[in-house]
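Take a look at the structures listed below.
Two complexes follow with subunit A in common, the first pairing it with subunit B and the second with subunit C.
Our next item is the complex of A and B:
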């Protein structure tokens, strides 16, 4: 399992728990449009991510992320930096 | 690795406190720089990253002023800066004060996947203020570069690049009392940004009234804030106010607060903060995220002013917060409701200190039908009453008058438009005479657009800015949502109406759309796409309802009346609920 896959798995667990009202959860689902994450959900998710991976996600990164897969890539990049 | 030991700026100051009795902001900073207090910036875990003593801020601001001169800026030119909660913002903001330039704080987007929308917004703001310079923190420089693409700015770049610029040895003439101190684009509609022009004398008049009358600031006060610097409450209340009274502030960013609301209280506890403000949703977020044992670990007993503003104040939210944090020594009498807006620099009125939330119970039927706020009959308390929170009396030198649509003064306990006058008012909206004329009359009265009534005790706000949608502290202009909807197939221009959903609804916003679409699949698709698009663009949940043609109520001028549409919607909803109950009763 690559690091990217590990991170993605972990994200999916958190997303499952946030139980967005929208569509089916998958790695390329649009977080806002399909999964229906609102601003409070997004903050919850980021909190989980920051605590779990012990990183801090800069605010500018958020604007470019649409899917769980993209978020996983961003986290991987921040970890590596 | 050696760890640098840095400590926060002290609460105790060795110079005599002067409570904002200065003519200009640079004059105020000159004085604050003689003391040992300043601003402190913390990271998302509550660790101190940077203390910025006022003396150091002044030194950096003077250098920034020279660099801006070096770029060839003329007096009064606008310098846009992304208002990140950081020392860099302070440096640029105060650099403009010393150089006679006009800083324009730009907002930060926190929505996921929101890059395009954010760029659009920045572009409009940069155009609206005719910025000559745009500066961002290193992490956000791409936004500023992309947004200003094609504009002939004198400079756009990161704060680090800015530091590399020359500091020519020019003589600086700080901003004078009658010059513009800053432009504030706080809560304007995205489509039609309005830059509030605040001059030095206006902001100083407001600061003087706030720190003397509103808060009665004293030497050992210390502020804590997570409010964004691109909002009046964050900028004027918690950047300029503390500096003008030479007291220290502890900051976390708004995003850090949204993620870890308890961090706010931790800072207050750790540094024995005495003054902090938040909109009601901030208090709500803390109460919601409370973990067992939290309040025992906190000491909030020093917190003497827990200000509340920027949103309609609901007493029950605050009561819940007070209950939760009573074990931490939080006193409900610390709550200080206030009323204000960027057009008046910041504050218009404060409730009385140490009295907590004072409420007025009024008869709901009478309020809805006659616009009169008569005190509810005690006998049937709670059944048919509405509760409003006292926002206090106008600051000294400021006036509040309630008027009807024709501008006539209304007596006490009659609901009307809140109009204000005084020395803190803006001089207008930047380069927008039409909007300025609409807001400010010849006698110097500002029509706030808010609704409320006065009693002997003070001002009660019954509805904020007509039609404005406020979600989690964010202001959303209904016309922005409507404009987006109008771009969809099957939706005609001005066939839509957006407004805040009634409190008990599942969504944040309601959008009514007149549509001629006949096909059921097409109708369902339109609703689904609109809902999704509004969620991604605005980050709010929206209930989209299709209506038959010509069913939305219109005003005499032919425009759709949002307030009437909202009333009809609520009425229809109540009928539906009633019917459902009746059906349930019959079938059981």
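Our next item is the complex of A and C:
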């Protein structure tokens, strides 16, 4: 399993719990439109992610993130930095 | 997508909730009789959904000073503080604010929203970091956006969570602003400021406290939570507003860093807007003097707050964690909250309806505010309305 896949798996566990709409969860699902997450939900997800990976993920990076896969890439990049 | 299409979801959500007049969002208040009484439609109401904590909106000295300034200096300044809008009253108010807070520097802004934009948005920029309480006000989030700064949230009122996040910053701590509020506007709970200050001392960084809801309300001299907790020396910047306990409109930032004064030269929300009107400044100056010299108003406010909190708790409501000028009653669903809000109005009580995502934890709530100007009969009438209406919130009565 690549690091990217590991991160993505972990994100999916959190999303499973958070997603209020219960839309079909997949790596390219749109966080807002398909999974029904509002901006506060996504920021709360970041809190979990920060603690899980012991990194800082600035809230401002999520402006460009729309899917779990994109978020996983952003986390991977921060980890590597 | 056409320009307005993106608002459709919001508009639909509002329409679904707001079928009956009067509308809880942006309720039209038809008449205001006093700080605590008004008329909405044909219903006379107790105003218990304001930020008029000391009841100063109708204070005769504030009004007289405003009248005088209106006659003497006209209705507006028509310009920026950095151009033609810097009257002697604006500067006098800054000196008085600095003296009130016992700090060397103060800047007056046109609103509290702009005070946050103007202070935070200017102090930090790309490459710097803001670590803020997750429940901070929208003006603080917007200030960070304006600044283009990295924003890290910590869990609401959780100093250990702040500690963890500051610990991850490394060298970046030197250009980090930590931002919290005194009293939080929705649940009325207060920041654990002593513990937050201890974390800041350990790691470094600068601390901003937005005392919008606590200035005039807490502390022996009314300087807010930092004064009440005895930690003013560790708070680098205090931001606040004239629109709550001071009963007018406008905002400010004060600091023990003398360099704060230079912020006004670079602060776009300070420069590119007109300064507050002379009448506003005049009434705020008198209100500030009242805050400093009439602690009895604060005592009355707290006595009212405790009476209300105890009454609502006794009636079985789930409330915010602490008594204070803002008491939130948490409800199960937005639909239930809307129905409850209408019922309270029919019982002559106006409160604020707050729906997610503006609420912490995604709950629906009604926000009840008290004022030093409420008398105990009014507080008891509010409690009575809540008590009478409690059965409509039982699970079997859920819509």
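Operating definition for what follows: the second predicted complex is superposed on the first by the 79 of 81 C-alpha atoms of A that agree within 3 Å, B and C clash if a C-alpha of one lies under 4 Å from a C-alpha of the other, contacts with A are read in each partner's own complex, and residues count from 1 in each chain.
FYI, contacts are C-beta pairs under 8 Å (C-beta built on N, C-alpha and C of every residue); 3 or more make two chains touch, one makes a residue touch a chain.
Everything numeric here is computed off the predicted structure, so don't read it as measured data.
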Checklist entry - Sharing subunit A, do subunit B and subunit C clash or fit in the superposition? => result clash
Next on the checklist: Output check: A:64 vs subunit B and subunit C. Expected answer is one of first, second, both, neither. What do you get?
Outcome noted: first
Checklist entry - Which partner, subunit B or subunit C, touches the larger number of subunit A residues? => result B
Checklist entry - When the two structures are overlaid on chain A, which partner does A:56 contact: first (subunit B), second (subunit C), both, or neither? => result both
Next on the checklist: In the overlaid three-chain picture, which partner chain does A:36 touch, first (subunit B) or second (subunit C), both, or neither?
Outcome noted: first
Checklist entry - Thinking of the overlay built on chain A, is A:47 touched by subunit B (first), by subunit C (second), by both, or by neither? => result both
Item to check | subunit B and subunit C footprints on subunit A, overlapping residues | outcome: 38-40, 43, 46-47, 50, 56, 58-60
Checklist entry - Touching subunit B in the complex: which residues of subunit A? => result 30-34, 36-40, 42-43, 46-47, 50, 56, 58-60, 62-66
Checklist entry - Tell me, which parts of subunit A touch subunit C in their complex? => result 38-40, 43-44, 46-47, 50-51, 54-60
Item to check | Residue ranges of subunit B touching subunit A (in the complex, touch as defined) | outcome: 43-44, 108-115, 118, 139-140, 142-143, 253, 255, 258-260, 472, 474, 532-533, 535-536, 539-541
Next on the checklist: Considering only the defined contacts, which subunit C positions touch subunit A in the complex?
Outcome noted: 129, 134, 144-145, 148-155, 164-165, 168-169, 356-357, 362
